[in-house]
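My structure is below; once you've seen it, I'll send some questions.
Chain IDs A, B, C, D and E follow the sequence of writing; residue 1 opens each chain.
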Amino acid sequence: MVGPAHYITLSAVLFTIGVIGVLTRKNAIIVFMAIEIMLNAANLALVTFAMTIGDVAGLIMVLLVIAVAAAEAAVGLAIIVAMFRHRETVNIEAFNVLRG
Amino acid sequence: MSVPYLTLIVFLPVLGMALVAAVPGTRHDAIRRMTLAVTIAHFALSLPLWWLYKSSGAPYQLVERRPWITAFGIDYHLGVDGVTVLLVLLTTFLMPLAVLASWRYIDQHVKEYHLLMLLLTTGMLGVFVALDLFVFYVFWELMLVPMYFIIGIWGGERRIYAAVKFFLYTFIGGLLMLVAILVLYFYHYNLTGTYSYALTDLLAIDVPLRIQLGLFLTFGLAFAIKVPMFPFHTWLPDAHVEAPTAGSVILAAVLLKMGTYGFYRFAIPLFPDAARVLLPWMATLAVIGILYGAMVALVQPNIKKLVAYSSVSHLGFVMLGLFAFNVVGVQGSVIQMINHGLSTGALFFICGMLYERRHTYEIESFGGLSSVMPVFATIFMIVTLSSIGLPGLNGFVGEFLILVGMFQTHPYMAGLATVGVILAAYYMLRMFGRVMFGPIDDESNRGLPDLGRRELAVLVPIVIVIVWIGVYPKPFLDRTAPSVERFVEHVTDSGLLAVEEPIEVEAPR
Amino acid sequence: MNPELQPLIDAYRLIDPSLGAIVPVVLVSLFSIAALVADLFELGTTRGPAEGEEGLAIMAPYLSILGVVLGLVAIVWQALRLDVMAGSYFNGMIIVDGFGVFLTAVILVGTLITLLVTIGYCRRENIQLAEYYYLVLMSAVGMMLLVQSNNLVMIFAALELMSVGVYVLTGFRRRRARAIEGALKYFVLGAFSTGFLVYGMALLYGLTGTFDLAAMGVAVGAGRASPLLLAGLGLVLVGFGFKVALVPFHMWSPDVYQAAPAPITGFMATGVKTAAFAALARFLMTSFDGLASQWIPVLWVLAVLTMFVGNVAAIRQDDIKRMLAYSSIAHAGYLVVALVADSALGNAAFVYYLAAYTFMTLGAFAVVVALGVSGDESTSISRDYGGVAYRHPMLGAAMALFMFSLTGIPPTAGFFGKFAVFSAAVDAGHVGLAVLMVFASVISAYYYLRVVVAMYMGAPEGEPVRVQVPAMAVIALIATVVGVLALGIYPGGWVDLARASVAGLQHGAGLP
Amino acid sequence: MESLLWLIPAFPLAGVAINGLFGRKLGDRVVSVIGPGAVGAAFAMAAASFIALRGLPPAERLLQQTLYSWLPAGEFSASIGFQLDPLSMTMVLVVTGVGFLIHLYSVGYMHGDGGYARYFAYLNLFTFAMLLLVMADNFLLLFVGWEGVGLCSYLLIGYWFEDQAKADAGKKAFIVNRIGDFGFLLGIFLIFWTFGSVAFSDVLPEAATRLTLGGDLAFWICLFLFIGAVGKSAQIPLFVWLPDAMAGPTPVSALIHAATMVTAGVYMVARAHALYEMAPQVLALVAGIGAATALFAATIGIVQNDIKKVLAYSTISQLGYMFLGVGVAAFSAGIFHLVTHAFFKAVLFLGAGSVIHALHGEQDMRTMGGLKPKLPITYWTMLAATLAIAGVPPLAGFVSKDEILWRTWDGGHSVLWVIGFITAGLTAAYMFRLFFLTFHGSFRGTKEQWGHAHESPWTMTVPLVILGALSVVGGWIGLPAALGQPLGGIANRFEGWLAPVFEAGEHAVHEPHAIPPIEYGLMTASVAIATLGILVAYWAYLRSPDLPGRVVARSRGVYTLLYGKYFVDELYDFLIVRPFYALSRFAWRVIDDGLIDGLGVGGTGALVKRGSRIVSRWETGYVQGYAVAFFGGVFAILAYYYLFR
Amino acid sequence: MTGVDVAFWILAAISVGASLVVITNRNPVACVLFLVVAFFALAGLFVTLHSHFLAAIQVIIYAGAIMVLFLFVILLLNLGQQQWFDVSNNPLRVTAVVFGAGFLALLVGGGISGVTPTVRGPAAGISPDLLGSTGAIGAALYTAYFMPFITIALLLLLAMVGAVAIARRER
């Protein structure tokens, strides 16, 4: 019998996948996608909890997260574009002037 | 009393700063004169202290107490005892001379310099008169800043290194002390239920020995750095060598006293039992300081450095006297604080005058100056002898009392320390001989001018006091006696521990 | 009447009484939008943007300043009516209490100073875009909301509003690769941390069944906590830890601070930190007061790491913005010490320190901005700061004051702030932590002094440049100097204010 | 009278003030009036008080005056106070009297010197300090004078400071003295520790009660005091400074390093006799060191060629006699020799001075000779003094020295007597060697030296004559009973005079009868050996002048040893000075610069800087590096929560 | 094993698989598409949780809007083909995976498996379907959650302005 625990576990797995993605990919866009995966994992957890608790707050939160994701996507992609204008690449590692 | 006399004394220099600031920065002599006027006025203002303080009266007099930060029970709380009076007067007495001595030496950023000097005065006086530990700490750090600038801006080649070293040494000591103060403060609260930083309140409580030890060591560290006691002394030579003349003078004459004064007024009375337990260690460090300082001074090729190390040695005596825990010794070390202020101060003035003539401190580059500068030679000789501790001059009074006092309780310590007397003669005369005697082998020394009027004005007052204290120290001793007796009583009587038996001495009459 | 409208009417009924609570926010956001649109129609201007000039903001600066001033007025108004206004609004989303009001005021003052500094800066750098001011104000709105939010949902929203605004501001000088690089780093890591934050919130939500801080506090209760709850706590801590740059979540800040326009760096260093810290404090004190024993050790370690890594790393920085970045990391560490004390005194110290820190840091950045020249912020201590004090005595003196304040030398705000933190730590029995903080401070003294050394004891390298300090910036400098001294010389009143402000924040604990 | 005691030191002090501050403006004439005048006045005062003192019955011969309380601190207190008892009186008279004459002499000797005023200021200052020393009524004030005379000797030895060697000699004198003073100070501490006071009136009477005979306390007190005396009076092992002290102007050598200051040690032991009697073991040490020094110095004196060096060693040797005297508890005898020595040694120095003066600073006896016709007055006075020091009866030296020898024997210290006896012979020998080399034989100097050689002006000769006369008759005031009784029962007047001071001390107060014949035997013996010494000198340096050369050639090693003064200076330099310097340098370079600054401070700094480099290396600039760190942090926190909670 | 369970396992498998592809595949376009797949799967999971409205939103906004934006950018910057650089150096990848595994282990091992949320809903008699319905969410959003809603509105405006401010092409 599948219970909340399964959903949460799944969300944890997805979240971890997202994290690993962020840590390993060099393509800024894909790093960004990995972050989206993380957010979605969180969403899954939220929905699960909300439905099991029977409280709408969680669902609202999901809504907000999605909106935030959209906003971040806008800004993030803008930054990526600007970055591409400078370096003709989206390789995150091309940017390491600032250090020390 | 109705007039906030101490506040006036402490903050008059700040008012003076306003006056000096009003003078346009390009008119150097005007600035100098203004500052001189302010400092002299300041001295005049502080002079009545000598009479206003009644040695027969209360422990702390001219007390001012106003709430400052009520939330933390912090009061603006000032007061003087006999020792404070002397130190305050010493400070105000030296400031005009310091300004005079900087007349030629400081030729750039003149305005900033004099402003800082005045600020420094306020800081130092505040430290002396503060009766509230928080206020004390505030002034303690406040005094640090102008000194840092004075060394760092108007100093020699390695001035920045010296300034930063000086700053960091004092700063770390101070902050640790702050933590200790807080611990004591909260301990006092838990005992009494009232929040207070007032020395008088904190003296009233009994702190268990275990805590006392920790706190004493922390306070002690802060003060030991300032004194400076071996092995926390290495900032001193650098600071002295690099600082401008007036800087070194004030550093030696006043700032170092804050260390010993801190022990006298705070560390020891607050934690008497710890002080007694640690006495052997402190005394040992003091003795090491005496001998070590003297030995290192002996091999210095640089006059200023030599004098600096001699300070380490002299301050060792002061510490030794404090830890004699009997009236004789403590009286001695109190007088010795003043003496050191005068004679070492004068020595640094003299170094400055040599420097202004030859732009070097290297002993080797002098020699035979006596024949070209007889007056200078005489004064230099007198000061040297006073620093050697020749009877009839001030130095002897302090050292002798200290040693007698210490001998009562710790004969061997005193015996060892007495060796310092020999060494003092050795390194000072060696330096003096190399600088003043012998043939003039460096042509550039031949034409040196003797002391000018300004320089005489700087040195003669000091010499007068040097002789005065040497011949007739009674007024000074009388002034401090009650406070010192109270100190000794407090330390030896306060009760967790039995005093480790001093050999009983009852006069046969 | 039209039943269709019924829900809206209900909504309004529900909202109406709460509006008083958000007057400042409303004012500021309105003026931000006004600033955005005003110049679209080139109001009050006869000419278009000159060559090399990017955009043309005539009204925006003044509108935004006006907005912030009005916001401040509103805050004062709230503060005065606190006794009647105190309470939670919008279904517990927004809370009005001393803590919130005080820190909102701090943030608004910070914003105001930032704006004053910015105007001259933008004119110099030829980036006269209304967006700039709009973004500053919007992030400010985010901060204000963050300080006042009493619900994780609200916290999340406000946090994002603030952050996204700052991301953009960081990369605002987009012609510079560095700026974009900074923005990218900030953005990627920010989003990354958001992920953790959200997940943590999700876990807390799942285990307590609510996002409301107070309710969560009840649900959490005291005693044993389930590991998962602690995990949630941990992840949320991490989320905030990133925003306030606690080691090891601090790595972004030096790069970002260096990349951002100097005024914005100051803004981030003060506003963002203040807001995030406020939220963190509220979260811990309200929701996890019962489990203090669980987060104190963690924060203890983080505090030590932060203080030391920040200070130690700062020592070898030559770029003053980067140096100040590390220094602000270190100061975050000191603030955490105040939190670790977990007492009324600790919170008072915390609030006081935030105020003091805002003044001195913004002051320092104001000087940094003032010393820059067009196209070159000239932030190299060794190269650009040599002998500055003699070219610009006032700037030098001010900078020295700020440096000493940051070091913690009396009689400055910084000193008393440190003193308060020490007191809190010692009072709470964390003497060891206090001592560690001492050593950290001593290390910090070294690099703060370096600036003073350069200005007063160093010589200018090459051709020394004299700069013209715009009137607005002068005002900002005076304000910060006065602030630093006022908080330092007469801390009494401020301390009382701080104490009053945190009175409700946490249960129990006798004062000072 | 008592109320005027202060005048005695006050006069010289006034002299110091006037000459020191205004001397240059006043000019030499005035200075040469004020300088000697001040001391003369002091002498007058002293004479007056002497009469006053004589007026009192022996029992209470004591004048006292306390000026003010100097160091009142807690239970300690010391006053500026003077006392005159017979002992002090004697010293005061010697100091002022001989002092006056030497001042007078200086007027001629220092004539035309650049620092004329400075010289007299110093000399007056010395007189003042010396008077302080002998008139003090407590140990501390005594110490003040003690240091004061040390200072003056430093200043006067280094008077010609342009000459590095002379300046260094002064420094050496001061520092070696300081070593002695170190002992003296400890002595004072211990006295205060024991008696709770440093006033003679408290300490000395209490000695017998508070100290146990031969007890440790007594031992240490006396030992420390004696170390002081050793330093001041140039005894083994601290005698090294005195020969160098001859660098000073000759009158200074006469006054300070012969007549007065160096004898302060003897005075101090005599003054503290009450303590010493409680410490026989120290007394024995005193006697031993005295005798040893006497012989040791004499042997060196025999081979020196510098006329003043010879006198210097002879002084050391004579001081040895004095200590021998006090060492065998013959305090008055010691003091007596002190007095007579003051007379004839002053003459010898002044005479040598006038010789040097005549030869324009030549001091090497090998280039002198046959000066008798040139310097008649000097010659005759020198002869008298030489005979006196050689111990030829009935001159002063014979009387006093023989008293000491007899007491030594009488006290049962036969070994010490033998040493003293031999020394007597050596003394006669080297003194006459000096005498013959200087005045007899043929002149060995250059022509123009011979040409310029002339007798000195009256200011120099008058003192010579007076002192010469004194060194002839001066001994008769202390004629020992052994001689006195046969001559019609004259008791030892001097002893009687000092009796009130020492009576406690005189173990064997000699009733005027039962003179053991042995005493006469010893007396003749010492006369004999003195004559022998003279004859040897006569033989070696007048009859066959080549003899010394052959002797030297035969015993090269011994000669170099003696001529090199047993290389004591070198020894000290090697054993003490150099190692001490090495240690100091070690302290500076290694401990200070190396350990504390380098390792401690610098080390910490380096550590922090290193840490700084490491920490900022973490900021690689790669976002994902940061992300990893971030994630590491998350991981750590969770791990903590899961594993440790 | 009910139908819902089957659906869960299938969707879970799809979402995990797709996500894995996203973080491993070198081709951005492929990544985007697989991400869309993953999102669809998640939407499905929402449905199994009776949260229909959110499922719809998930599909429309995420898959519809955001992902398209991604795709748009990728094509705009002409990054369609494989990116040679997009290989992280091994140590980094290893650490990441290790940390990740550990993290997951902690989360799951730390009690997720046994998580039993405080269930209120059914007790309160609210049916899941009603709870997940548009009406319920809307009502809450415009009343109780008014402030966050407004805030997010401001955020979106700000994001727009910001994106323009940064990505606007040079004058």
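Quick note on the criterion: contacts are C-beta pairs under 8 Å (C-beta built on N, C-alpha and C of every residue); 3 or more make two chains touch, one makes a residue touch a chain.
In this text the structure is predicted, and so the values were computed from the model without any measurement.
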| item | value |
| --- | --- |
| Chains in simultaneous contact with chain C and chain D | A, B, E |
| Mutual neighbours - chains that touch chain A and chain E alike | C, D |
| Interface ranked first by C-beta contact pairs | A-E |
| Centroid comparison with chain D (C-alpha atoms), farthest chain | E |
| Central subunit by CA centre of mass proxy | B |
| Centre distance in Å when chain A and chain B are each reduced to the mean of their C-alpha atoms | 65 |
| Where chain B and chain C are represented by their mean Cα positions, the distance between them in whole Å | 44 |
| Between chain E and chain D, distance of the C-alpha-averaged centres to the nearest whole Å | 104 |
| Averaged-CA centre spacing for the pair chain D and chain B, given as whole angstrom | 38 |
| Touching two or more other chains - residues of chain B | none |
| Shared interface positions of chain D, touching two or more other chains | 616, 619, 621, 623-625, 627-628, 631-632, 634, 638, 641-642 |
| In chain C, residues with contacts to at least two other chains | 153, 156-157, 160, 164, 167-168, 171, 174, 180, 183-185, 188, 192, 196, 206, 209, 227, 231, 254-255, 316-317, 446 |
| Pairwise chain contacts under the document criterion | A-C, A-D, A-E, B-C, B-D, C-D, C-E, D-E |
| Partner chain E, residues of chain A touching it in the complex | 1-2, 4-10, 12-21, 23-27, 29-30, 32-34, 36-37, 40, 43-44, 47-57, 59-60, 62-64, 66-75, 77-82, 84, 89-91, 93 |
| Contacting residues of chain C [partner chain D, same complex] | 184-185, 188-189, 192-193, 196, 225, 227, 230-231, 233-235, 237-238, 241-242, 247-249, 251-252, 254-255, 294, 297-298, 309, 312-317, 443, 446 |
| Chain C residues within the chain B interface of the complex | 390, 404, 407-411, 415, 419, 422-423, 426-427, 431, 434-435, 438-439, 441-442, 445-446, 449, 453, 456-457, 491-492, 495-496, 499, 511-512 |
| Parts of chain B lying in touch with chain D, wherever the complex brings them together | 165, 231, 234, 292, 295-296, 298-300, 326-328, 331-332, 368, 370-371, 385, 390-392, 396-397, 400-401, 403-405, 407-408, 411, 414-415, 418-419, 421-422, 425-426, 429-430, 433, 436-440, 472-474, 477-478, 481, 484-485, 503, 505-509 |
| Contact footprint of chain E on chain C as seen in their complex | 7-8, 10-11, 14-15, 22, 29, 36, 54, 90-91, 93-94, 129, 131-132, 134-135, 138, 141-142, 145, 149, 151, 153-154, 156-158, 160-161, 164-165, 167-168, 171-172, 174-175, 180, 183, 206-209, 219, 226-228, 231 |
